[in-house]
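We call the chains A, B, C, D and E, going by the order they appear; numbering starts again at 1 in every chain.
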Amino acid sequence: MEGNLIKLSEEFLQELWEEIEEMGMSVKDLRRCIQCGRCAATCPMALAGLDYFIKKIVHASILGLKEIFLEDSSIWGCQSCNRCVEICPMDIKPYELILALRRMCMRNYAMPSSTIDSLRNYYEKGHSVITAGYEERRRKLGLPEVPPTVLSNEEMRKKFQEVIKQTALAEVAPFPLD
Amino acid sequence: MGKPKIAYYLAGGCGGCDISLVDLSEFLIDVVTAVDIVFFAPTLLDVKYKDFEALPDGSIEVGFWSGNVRNKEHEHMAKTMRRKCKTLIAYGICASLGGIKGLVNLYTNQELLEKAYRDTFSTDNPTGELPSPKVTVDGKYELELPELTEVRTLGQVVEVDYLIGGCPPHYEQVKKALIALLEGKLPPPGSWITMGHAVCEICKRNPVLKGKSKEITTEVKRIIEGELEEERCLLEAGYLCLGPVTQGDCGASCLKVNIPCRGCGGPIPEVSDFGLRAINMIASVLENEELVDKIEDPLHLFYRYSLPGSMLGGRIKK
Amino acid sequence: MGWEPKIVVIACNWCTYAAADLAGSLRYSYPPTAHIIRVPCSGRVEPEFIVKALINGADAVLIGGCHPGDCHYRSGNYKALRRFKLLKRVLEELGIEEERIRLEWISGSEAKKFAEVITELDAKIRELGPNPIKRGV
Amino acid sequence: MKRVGLYLGCNIPFRRPDVEYSMRYALKALDFEVVDLEGAACCPAFGSMPSVDLLAWCVGSAWNLSIAEEKGLEYIVTGCGSCYGSLNEAKYHMEKHPEIKQKVNEILSSVGKKYEGKVKVYNFYNLIYDLVGLDELKRKVKFPLKGLICGAQPGCHNLWPEKVFPANDENTFQPKRLREICEALGGEAPWYSTITDCCGMGALGTLAKDKSETLFIRKIKTMLEEINPELYVVGCSSCLLRGDNRQAVMKKEGKIDFELPAVHIAQLVALALGAEPEKVLGLTEVPIEKVLEKIRGGA
Amino acid sequence: MAKIGVYVCHCGENVKGAVNIQEVLDFAKTLPEVVIAKDYQFMCSDPGQNLIKEDIKEGLIDRVVVAACTPRTHEPIFRKALEEAGLNKYFYEMANIRDQDSWAHWHDKLGATEKAKRLIASAVAKVKLAEPLEDRYQEAEKSVMVIGGGIAGIFAALDLAEMGLKVYLVEKQPSIGGNMAKLDKTFPTMDCSACILTPKMVEVGVHPNIELITYAEVEDVKGYVGNFEVTIRKKARYVDWEKCTGCGHCMTICPSKAPNEFNLGLNDRTAIYIEFPQAVPKKAVIDTDNCLYFKTLRKTGKVACKICEKGIPSKNIAGCPAEAIKFEDKDEFLTVKVGAVILATGFKVMEKHHFKEYSPNSPDVLTALEFERLISATGPTEGELRRPSDGKKPKSVAFISCVGSRDERFHTYCSKVCCMYMFKHAKILKEKYPDIDLYLFFIDVRTAGKDFEEFYVSTKQLGAKVIRGGRVSAVDIKPNGKLRIRAFDNDLCSPVEVDVDLVVLATAIEPGIDTEKLGRFFGASCGREGFLREVHTKLYPVDTASRGVFICGCVQGPKDIPESVSQAKAAAASAAATVMPGKIKFEAISAEVIRNKCSSCGVCVNLCPYNAIVLEEYQGIYKAKVEPALCGGCGTCASACPSKAIIFHGFTTEQILAQIEALTTY
């Protein structure tokens, strides 16, 4: 995109719609949006000042502006607070759109590196977020150093990975699953 | 004049119609003493075809024909019966409209034979033998089986004077018909011998008889689904009952035991095609178009007893 | 003259019949093989009409009604649709080509659609050939 | 005794095990048998599997729930709002779309697991609210809060979307449950107008750190103005990371001029029920001594 | 044997240009029972019609087929010709060989000619089986019932009464006036609502042709257009209205209080009350739910209070001076015969409790109608703007649009009047309190209407702040009593927030509670959104699917006062046109049940879109019967009858089958 002009192209429309439909969002539902702005007033992305927040994201999706989502990372800043889902008067489920767009971007390898890290952690250790130094913190409180999760149970971890390998993660993960 | 002579022939049928005569119990004795049964094949009397054929034409007062016309033998016998009998009655729904066995018309004889003699799980036929019209037994006896034809109603082969519905006809209806015959109080030739109205008119479940209108059918259920309420109209409850289109001479027997009417009684007079009226009726009571898609196997449902006798009759593409 | 298709159209007075009139006044041309029987409402169509036409030798039957929601009699077209759908399922199972029986919603203003439907149906029937279930065949 | 599965998630066991400790303590003190879900994994968090694929998300959640089902549990409890949201949303999707549930089970069956959908997923404060009750909680309090003014923060994931949760506030835009628990413990938890505002933690915190902090600052400043609380009490471990750990950093970086001690509701309950303060508050970063003094001072 | 005459029209060149007339005539003569086949240049001209008439008169023919243009335009002309010649007009069929033949197949002369033959054969086959039919007329009552005494009902009633028709105006509340009576001013002219409405209410009250029946509801309806029999339940008033002078003394002494509905509960009224000061009729009623006499009687069986009747003698307070109190009053039933009905029962506004994110528990969050009462001179504060919570004058007010409208979860439609009344509210406040801060939040501003856009601009000029694209997302209560609004401003492209003292929600206009039930009584159906539906939005905007039943005002959908009044006048004109001639024509083309063939299966009953099929005992069994006056003539029942017991006159099964036979034979 150069300067402040967005080109609307029929070609893109179709492509994005097909992709987000495939990723679990109904475009027909989405098109009910009348841009009333109710979601935007309390969307954390809007309040934090991201370039694209839920109202604009819905509109851009209806216009099929795929490039925006591949280039701008705003959708990855959605807090998943679901307030938009709760208050949307047209019941378009904006948050489901965010997830569908992320899934679409994921298939185009357009995601922040932190997402890749958390997915790798998730697959390898069973936890998306593992903060270093936990052993020490847990010991201090008299808790077992490693929590009784998949992390401390090798057999379960293998099974867990076996299961995860059968999901779409295997197709889109930018790292090997083995 | 002596006692009226009676003939009875069972063609492509199951014998159920014969049994419904037995259901007349004591009344049967009155009948048997009032008439002279000259021919009752193949179930009751051992009269040879030759002897039957030798009787003078028109010498029999009334002929009853049960079962449909499925092969050349039936066809031959139908013509013979017609010649011998002054009045010929298609007795039961097979004779009248083809009956359940009329559904074979949906398939070729080859398909049917293969199914019956080869393709079923329980069949033990290692050589894949199929019946063939001509067989030589012991190398010397030529045996000839009657050739299978499409199922036809009796009326499609010879002229029929009266029709009686039912699979089998209800004994009360048989009784009424016999009395009418014996007393000579018959409707115009070509008619059904029937009360003339639908099962609904005598069905205890019908709210209309209590002055209430039927509710619209909002779901389509199979008979195995849900609980049948004792008093409720089955159509209202979503069971595809054909009571409205079926002659009610049966006394709504099935409905009394929680079975929706399947139409064995045949259509109400003036209805030219039972299945089409049934389709029309069911589609008319349903609340919406989507329910139409929920009806399973509509062809068998609506034409269970009347395919050969339907308007499309023998013109079905296989 | 060789075989020409014969199409029986049973059309509702308020929509499809009016569309056919309009098609004429706008001089849209379509094959002269379709003949309308006028009924007040598509809800007046009995399945027997369709089958009777077919066994009598009509090569196709078209039922024309008002668009859903536009029925002059409120809901006759919905009843027609239900009956038609169920009938069609049965007739198809009996081996009647589905193209030979058709239901179309054609409003009084859709003259062009009327002409197009008839043209298309005529072409389809020419492709399929004469109706095989004609009486006596 | 009531059995409850303790679903840990990631942040609590690794980053804030003091919340884990507190949950264990509090649940036991409230007569629960705490059952560990050995082999449970990440919920999975919204930024991970849910952003990859709907089915993959459901598989991840069903893995955890199947472990609870194997143990014959009726319900499990989370201390983290994301876990609460993710597990319940996945459950909801599987209920709504039997075909997804079926596919999930096809995958799980390859390792001999099965998901039925029988387990209810509670968050900590709703579990207390629904299965213990405020009166019972009041009776068990050993160290009441003595009128301590609490700024309550239920957390977005604990409230919306309403329809997926087994328990919720009557009006999720005017939540009361967390406040009522603080009050049952002897504190005061007045209404303030930014109670349902986002704390800024989560995806936004990773993507746009500075921008996300403005949300927190705005929220807390309004709260301070309106009710001037002594303690910030959160219903979600993410809110705690923001409210305590991140607050400490912001203070150090000079981005804020206030200092508001923060705890997870499980910590506050454990403390009131008599847990050792060193363990319950062992990892707290914003100075909390004054609060502790007020609660334990006289005891 | 019928004697059928076939007349082929050339229509100048229109038919002749494509159809070989001679060939068609020769063919027609070969058709069974055709005795004459003639052609003429213009059959519809007088000489053309005379051809037919003469043949009929000479007894040559008794059935007529005209092969010409479309029956949709020309059938009536030829039917009339038959009638004039003394033949039943239904012994007539038309073969449409112009519109559907020559014109469409102009370049295929052979095809057009063949098709013309078949179309004629089809018409001949049909006319052969024709039966003589008679159009029927029934006497109609020259009176109209108007249900609902709001602005629409009032105008409908007045117009009808002025035309000299007897009008029954039925109103649920003790007084007419409806929602308009609750309004302060009206946009865009800013007339005071009461000032323009009250004279009209009085006019209704004194009009000799109007019988005003208030505090009454429809109990039952029988009959059909021309002859409706409506039973009305007049609710017990417990005050003898013959005696009550409307002095209001009872209200000064009644000790029992209840929320005042007229002020939407913003203040209290007494248990015996006159609905509002300008009520017509100005009569008191007792609300038994709150009256001490009835409450204690129900609970203890004893009489505790009769102050309104007897006063308090010990304190020298007198009871009702007119001696009108009548504790033993009972509901009365009254049956009225009318020729047509107008339904004008209006709307209700959504209540605020649905909107959880808007702090509905705050007394300072009001619906717009509550706000109307708050600023009305006859309202609880006598027109002074004061916050319900603390009685202080608000410094800032926010108005929120589309609350429950344009909303999938409540009402998908636009409530139409909200944008405008929000400006009206702003204008009233700004004119009264120039310093007040007003924030108007819109999704978008809709001001389509005469003088509306100007009204919008002038309101902005007064200083009201308009935020667009700003459906409010949250109203939160601040501990200091303020209400914080969070919205999005499309033009700033940013979320915005503002603290205000008072919030006014433009909650949706929704169908009144009993709208559907009322519709069912009269055979008028509701649309998806629950308002009564017009038959055709453009051509029959005040007609319902039930003949003789008309609608006007908000019962049909949200609308403003000018629109309601125009519609009321339209409905009055339509109702008058129905009953004025004194008789009503019913089509001959209709269904009839041959009852001895009917099997009582009931399939037809639900099929009828006009509820024209009833069950009636016939020879001891309930059988279907078509009420001819109600039959709309679609034939759906006849198609379905499993017993073939229903004849559809004009398009019988035999006729259609004969047409099929003809079309496929030739």
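Keep in mind that, in the parts below, a residue touches a chain if its C-beta (ideal position, glycine included) is under 8 Å from a C-beta of that chain, and two chains touch if they have at least 3 such contacts.
The structure displayed is predicted, hence computed values, not measured ones.
Trainee: What chain lies farthest away from subunit A once each centre is taken as the mean of the Cα atoms?
Mentor: With centres defined by C-alpha atoms, farthest from subunit A sits B.
Trainee: Comparing the two chain pairs, does C-E have more C-beta contacts than A-D, or is it the other way round?
Mentor: Per the contact counts, A-D leads.
Trainee: Using mean Cα positions as chain centres, tell me which chain lies farthest from subunit D.
Mentor: Most remote chain from subunit D, centroid-wise, comes out as B.
Trainee: Just to be sure I understand: the centre of a chain is the mean of its C-alpha atoms, right? Then which chain's centre is nearest the mean of all of them?
Mentor: Chain nearest the centroid of all protein C-alpha atoms: E.
Trainee: What whole-Å value do you get for the distance between subunit B and subunit D if each is reduced to the mean of its CA atoms?
Mentor: The answer is 72 Å.
Trainee: Could you put a whole-Å number on the gap between the CA centroids of subunit B and subunit E?
Mentor: 54
Trainee: Measure off the straight-line distance from the CA centroid of subunit A to the CA centroid of subunit B, and report it in whole Å.
Mentor: 66
Trainee: Using the touch rule from the top of the page, what residues of subunit B touch 2 or more other chains?
Mentor: 277, 280, 284
Trainee: Going through subunit C residue by residue, note those that touch at least 2 other chains and give them in order.
Mentor: Expected reply: 46, 48, 52, 79, 83.
Trainee: Residue numbers in subunit A touching 2 or more other chains?
Mentor: Answer for subunit A, listing residues that touch two or more other chains: 47, 86.
Trainee: Applying that definition of touch, give me each pair of chains that meets it.
Mentor: A-D, A-E, B-C, B-E, C-E, D-E
Trainee: Of all residues in subunit B, which touch subunit E in the complex?
Mentor: 196-198, 200-201, 206-216, 243-245, 248, 268, 270-271, 277-278, 280-281, 284-285
Trainee: Under the stated contact criterion, what part of subunit B meets subunit C in this complex?
Mentor: It comes out as residues 106, 272-273, 275-277, 279-280, 282-284, 286, 288-289, 291-293, 295, 298-299, 302-303, 311-312, 315-318.
Trainee: Which part of subunit E faces subunit B closely enough to touch in the complex?
Mentor: Residues of subunit E touching subunit B: 597, 599-603, 605-607, 615, 617, 621-622, 636, 639-640, 642-644.
Trainee: Can you name the residues of subunit D that touch subunit A in the complex?
Mentor: That would be residues 8, 10-11, 13-15, 17-18, 20-21, 36-42, 44-56, 59-60, 63, 82, 85, 107-108, 110-111, 113, 156-157, 159-162, 172, 196, 198, 200, 202-204, 206-208, 211-212, 214-215, 218, 279, 282-283 of subunit D.
Trainee: Spell out the residues on subunit E that touch subunit A in their complex, using ranges where they run on.
Mentor: 357, 402, 406-410, 443, 469-474, 486-490, 494-497
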